[in-house]
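Letters are used for the chains, namely A, B, C, D and E, taken in the order the chains are written, and counting of residues starts over at 1 for each.
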Amino acid sequence: MRLFFTQFRRDLLVAVRSRSDAANPLAFFVLATVLLGLGAGAELAPGVIWVLALFANVLAVEGVFRRDDDDGTLEQLLIHAQPLFPAVMGKLAAHWALSGLPVAVLSPVAAIMLTGSTTGVGVLVLTLCIGTPALTLLGAIGSALTVATGRGGLLVAVLVLPFYVPVLIFGASASTAAMLGDPVAFQLLALAALLAASLTAAPFAVGKALAISQEY
Amino acid sequence: MGWIKTTFHKTGSPRWFFTGARPWVVGLYVFGALLIVVGSTWGLGFVPPERLQGNSVRILFIHAPAAHLAEAIYVSIAIAGFVFLVWRMKMADMLIQAAAPIGFVVTVLALATGIIWGIPTWGTGWVWDARTVSTLLLAFLFFGLVALRQAIGREDRASRAVALLALVGVINIPIIKYSVEWFTTLHQPPSIVIGEKPAIAPVFLIPLAVNVVGFYCFVAGVVIAALRARIAEREAGTQWLRDWMSKS
Amino acid sequence: MEDDLLVAENIRCAVGDRVLFDELSLSLQPGELVEIRGPNGSGKSTLLRCLVGLHEPDAGEIHRTVDSLYVGHRSGICGRLTPIENLRWLAGIAGSNADDVSIRAALGHVGLGDARHDVCDSLSAGQQRRLTLARLLVSPAPLWILDEPLTALDDDGRDLVGDLLTRHRTTGGAAVCATHQALPTVPAGTHALTLGS
Amino acid sequence: MRLFFTQFRRDLLVAVRSRSDAANPLAFFVLATVLLGLGAGAELAPGVIWVLALFANVLAVEGVFRRDDDDGTLEQLLIHAQPLFPAVMGKLAAHWALSGLPVAVLSPVAAIMLTGSTTGVGVLVLTLCIGTPALTLLGAIGSALTVATGRGGLLVAVLVLPFYVPVLIFGASASTAAMLGDPVAFQLLALAALLAASLTAAPFAVGKALAISQEY
Amino acid sequence: MEDDLLVAENIRCAVGDRVLFDELSLSLQPGELVEIRGPNGSGKSTLLRCLVGLHEPDAGEIHRTVDSLYVGHRSGICGRLTPIENLRWLAGIAGSNADDVSIRAALGHVGLGDARHDVCDSLSAGQQRRLTLARLLVSPAPLWILDEPLTALDDDGRDLVGDLLTRHRTTGGAAVCATHQALPTVPAGTHALTLGS
């Protein structure tokens, strides 16, 4: 737990220091909403909001280890953090708190702007709260795998797309169903199961990928 | 012409501004607050409910002044950006720094009141039309100025980058304005046309005008106060500031 | 031996076809310092990264029995944070219980007392290197692995490294150090290992 | 011209060396199409494709100067390239050739996937060919302004959003109009005017911003 | 004087409240070398960045009459490209007409003949620094501004820098050099300038 909190606190601090960075996933979400609203105009399905939240998440997560690798703090983390697992979790938790969480909180506004309706907004927020941490965890695997390439960027998005799809499907279909007044229990359960699975598997995959990234 | 030069130089001097502007802050606060109180009490308490919109019309008295003011603030910032890049006048930079967050807040206020108003009248908080979109973009322009400065951190470098952004942003304003207006005409027109000036009855217009002037004065006071705070921060440790502090 | 802090046995690293070193063995006892020398590109950094566990040698084995501190070519400093915050984080993940007082003392010791609240991005090259030295003070570990610790340091900084090494070794620590410049003080128990010649 | 081509060739080479990076804007475009198709399901307006192209472009352009700043090659460029203008243009041209152009070429596929129709696809490609270079130029201003922050990322997107909107509006409305069989000449003209304006103004703003970025 | 390659008059730089240097004047004639010394954080790099035009001094003026080459703390090397490609690009933007033969010769001269087709990311720290030296050979300029050119170099590399400087000066060039280590050869016409003491 000490490792978790040390890392969590540090990453929040770094984000706060670069204040606008912290607001960025959220800003992207707002921006994407605006652009889609402008470009597409007509009323859109609530699933689109899920897609936007997913973009905001993956675009933020792709760089989660990059700066640390560049300045060598990742090296230090790998050497010192024993076990690595809680430190990675701390890092990802801080990351989610600044990307997934605010997007989930603000999603009602986007929903109203794009779909022009407030029905099912509660379910939308709920699915985002369950789904985005899973996305962060899965995205972190891709991010860690591409650290060594010194790039990442959209490559991460491409790598982890297959992992995102299930999350997206259940999240989007729950939101759509809720808007139509259909039951959503099954999708929510599926999302929760996906979250549980990624919580158990992802940190280890990330740790392994990070260790590999330092070799040449 | 001499006096123009003198005024320019004086306004350009943080010291002159800092010491000279204090009475203005108080005056603008008091005068602005007074007008806002009068206008709002009038508007909220004594204006009859509107025929179509009922009591929700009362939010007009905050919404319209805020929207007008936001635009005015951006124009002043852009001018300041130009002045800073050309003459390197520190005061212009400090003005941008002081006014940008205030502009952002005022724009958000206009947006928020618009959304709140839209829910009962349009049946939705948001429509995609020229006014709403250009207001939203204005909020982004303000946000960008604040965010860029924060992101750069180092003062001199930030000042010039932000001034450049403010200047490039102003070229952009007419482009936004036109394109966004064409955009609505290219699509079907919005289902409810926002009230236009002639359509407003005098009962609404007079308290509205009072409130607009009140907002302008009050926010001018806020901007000047913020500017003085910046000056105090930047000039901390200079002899004249210490003298002034000990005097007052 | 029993009290070896680190043992490397017959390790081998190659890049592509080129073998950097092979059958290299090394062991470190308290108080020892191994100086790794060799021309540019001879594999000094690669060896150190093997010793600290960041890189896996192509053959051979490395046994580490104690914690180690590593100062590499990359600084390990987050440029957005201040020196204090950087050291606090490091102490946290390394599980050392350095408090703010000792962190401040360490910063004073390496000459960053005045800069302790600046963000590290605004420190000069040498000041950043000095911060990496402060790491050696806040989370004590018996084994130091230093890759060109004298880089970017002024004369005073060079003496500082000498002092640190001497003190470390007299208190039972050991160090491996890759360097092109002669280290300031070379007491007994210093071995040199030359690569690629 | 020599400066232009030196820089153009170098940047293409760097992109080719990091192969997946070069394919990235395109990959993102495809990926976003897939995700939107999955998440939103129903048939979407052609404007959505313009929005996706815009995202692909801005996400790529945000880092166009970052790596050069990190490794100090930007420093060298500023010292040696006299005048700076053609070198900047070479850089942006290489960048566009790898982000805007392939997206424009591939957009018909996306249009068919998302809208289920081929009407007006020619106009879509044409608007993208005129509009995306303007986006690259405008985005480069934001990118140059944020070089000094060492971050960029979504901050760039937020900074230049107001600049993108006019391009997006004309591009999207032309594509929509073309699909409905309406005339599009006006929008195309407007797009061309925006491109001309950004071609004249952007390189200088970028140069100025880059020079500022090296000070502290 | 007429043939000054660079004149700096009364320049001043400050970070926040701290003045790094003030009323600093400097002029360089062909054959001269100015060595800038001073403790870490004293403003050496800042001064060099002013001289080459990357940083604007807070006061004073700098007149540059000739082209200059700058080697800073950051390498100016793109890690994705090979040494040859990097030099080719530099020659292109600097407007020198170095062809591939002279680029190859320059690489051989700095000891990177074998590594000329590796991407620079896979070069060791010292090999990367050697590549920055090769720049000095491919695009000749009368004025060199070098920030700690000895960093990460082995003994052979240090001699190389000495040779390069000597040759440059005898052919009418001049250099400003910030360094913590003594430069290998110090012929006549070398001035030292010490900051922040």
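As a working rule, a residue touches a chain if its C-beta (ideal position, glycine included) is under 8 Å from a C-beta of that chain, and two chains touch if they have at least 3 such contacts.
Predicted model, so just to flag it, every value in this text is computed and none were measured.
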Query raised in the report: For this structure, which two chains have more C-beta pairs in contact than any other pair?
Result: A-D
Requested in this report: Name the chain whose C-alpha centroid is farthest from the C-alpha centroid of subunit A.
Outcome: E
Report summary line: By Cα centroid distance, the chain farthest from subunit D is C
Report task. Averaging only over C-alpha atoms, locate the centres of subunit A and subunit B and give their separation in whole Å. Result -> 35
Query raised in the report: Between subunit B and subunit E, what is the gap in Å from one C-alpha centre to the other?
Result: 49
**Report entry** Averaged-CA centre spacing for the pair subunit C and subunit B, given as whole angstrom
**Finding:** 55
Query raised in the report: Roughly how far is subunit A from subunit D, going centre to centre by Cα mean, in whole Å?
Result: 25
Query - Residues of subunit A whose C-beta touches two or more other chains - result: 18, 20-21, 27, 31, 34, 38, 41, 70, 150, 216
Query - subunit E residues counted as touching two or more neighbouring chains - result: 15, 73, 79, 122
Query raised in the report: For subunit B, what residues touch not just one other chain but two or more?
Result: 133, 140, 143, 147-148, 151, 153-154, 183, 187
Query raised in the report: Which positions of subunit B touch subunit A when the two form their complex?
Result: 124-126, 128, 133, 136, 140, 143, 146-148, 150-151, 183, 187
Query - subunit D-facing residues of subunit B, complex - result: 133, 137-138, 140-141, 143-144, 147-148, 151-154, 156-157, 160-161, 164-165, 168-169, 171-172, 175-176, 178-180, 182-183, 186-187
Query - subunit B contact footprint on subunit A (complex, rising order) - result: 18-21, 23, 27, 31, 34, 37-38, 41, 112-113, 116-117
Report summary line: Within their complex, subunit C touches subunit A through residues 15, 49, 52-56, 67-68, 70, 72-81, 85, 89-90, 92-95, 119, 139
**Report entry** Sites on subunit A touched by subunit C in the complex
**Finding:** 2-3, 5-7, 10, 13-14, 17-18, 67-68, 70-73, 75-82, 87, 214-216
